[in-house]
Amino acid sequence: MPVITVKLAKGRTVEQKQQFVEVVTNEAVKKLNVKEEWVTVIFDEYERENWASSGELHSLKFGEGFGMKGIEK
Amino acid sequence: MPVITVKLAKGRTVEQKQQFVEVVTNEAVKKLNVKEEWVTVIFDEYERENWASSGELHSLKFGEGFGMKGIEK
Amino acid sequence: MPVITVKLAKGRTVEQKQQFVEVVTNEAVKKLNVKEEWVTVIFDEYERENWASSGELHSLKFGEGFGMKGIEK
Amino acid sequence: MPVITVKLAKGRTVEQKQQFVEVVTNEAVKKLNVKEEWVTVIFDEYERENWASSGELHSLKFGEGFGMKGIEK
Amino acid sequence: MPVITVKLAKGRTVEQKQQFVEVVTNEAVKKLNVKEEWVTVIFDEYERENWASSGELHSLKFGEGFGMKGIEK
Amino acid sequence: MPVITVKLAKGRTVEQKQQFVEVVTNEAVKKLNVKEEWVTVIFDEYERENWASSGELHSLKFGEGFGMKGIEK
């Protein structure tokens, strides 16, 4: 405890994920009153073809990619 | 809200998934009283080797594929 | 297959959930090419205190309730 | 995107959860290159009777409670 | 690793859950080549009103209860 | 019911997974009082780059692989 699952589009680098893990783990220790070794963080990565919002698959809405890519059109 | 996750075998086309997303999103709006832009639909796709029922992996029970394929044997 | 999980705020009636289940199950049969008896639908219900978007818990942002309640303020 | 699910024992206050949500959301924006309004954080809370590690339910191992409570025995 | 989540109807006793956890943890150690202290087992318990198969909520199909109760009708 | 999800590192063989499924399904039947045909077991497999504990991605902590590989350093 806790097990933290992050569902997001595929594409982040190992560095991005490691930096995010460090901050989230530290915050869990400080704010949720747990030991560092208890904290598990899991990334579930998705193709945009497998994620939809407002009734549309993101691959159709934004094209390939992740994060801000294609969003700004 | 809501976040709807669909766990199923790998193999459906983008068209199949898009059609399913449209109907599920519309129903959520009508029946569950939410706004379209609140609805997220996520597909978790599996190889048959990673899904078992009645104590047997589906790859052993039905062979490769998805949906009705191999089921009718 | 498939297993469909619907995560949403607590408060819908049995009737609302049953109507939603019927349509989602039928669509899975028609669009995703599966048998009705294969389809499982699971509702995970949440207090607004346990759901946050844009960095704020919904109980703080919208007060108690679900769906459109408190959203229109 | 992203949807972040935090599975932990029941017992944290609204303030603890709100503080954790703020930091995790900010980090997602900075480190994972997403917009604040895209970030959903969901808390799944558990009785110790429904969480086991090393083959033992935590209610049997640590008694009732959460976090450090009972762990130090 | 591994994190094993068991989604089932509400109603099992602590003893039933503890016995199940012991066997599943031992099997993970033996068959999946992991250490006992790495294994987490989590129970997600549901009212029958929040679980549907073949297009019908189990509370409507089988009444209240869990496991074999109401199934034999 | 029940739906059992096993989240673990990628790499086990079909045989390892099948053996684990058989025991877990039998135990669910015996200990949780359900029918064999009700039991679904799903494997979610992860690269070590997508799993972190104690604030560090397992690919950085243990290198590539799964189970005991790299752990003994």
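Order of writing sets the chain letters: A, B, C, D, E and F. Residues in each chain are counted from 1.
The working rule: a residue touches a chain if its C-beta (ideal position, glycine included) is under 8 Å from a C-beta of that chain, and two chains touch if they have at least 3 such contacts.
All of these numbers come straight from a predicted model, not from anything done at the bench.
> For the interfaces A-E and C-E, which has the higher count of C-beta pairs in contact?
Ranking A-E and C-E by C-beta contacts puts C-E first.
> Averaged over CA atoms, how far is the centre of subunit A from the centre of subunit F? Could you give it in whole Å?
The mean C-alpha positions of subunit A and subunit F differ by 21 Å.
> Counting in whole Å, what is the centre-to-centre distance of subunit A and subunit D, each centre being its mean C-alpha position?
16
> Between subunit C and subunit F, tell me the centre distance in angstrom, where each centre is the average of that chain's C-alpha atoms.
About 28 Å separates the centre of subunit C from that of subunit F.
> Specify, in ascending order, the residues of subunit E that touch 2 or more different other chains.
Residues 3, 7, 40, 42, 44, 46, 51 of subunit E touch two or more partner chains.
> Output every touching chain pair, sorted by label.
Every pair of chains in contact is listed here: A-B, A-D, A-E, A-F, B-C, B-D, B-F, C-D, C-E, C-F, D-E, E-F.
> Using the touch definition from the top, list the residues of subunit F that touch subunit B in their complex.
Listed in rising order, the residues are 14, 17-18, 21-22, 25-26, 36-37, 39-45.
> What residues of subunit D sit close enough to touch subunit E in their complex?
Per the stated touch rule, the residues are 7, 44, 46, 49-57, 59-60.
> Please output the residues of subunit D touching subunit A within their complex, sorted ascending.
1-9, 12, 16, 19-20, 23-24, 27-28, 31-35, 46, 51, 58, 66-68, 71
> Residues of subunit B touching subunit D in their complex?
It is residues 3, 40, 42 of subunit B that touch subunit D.
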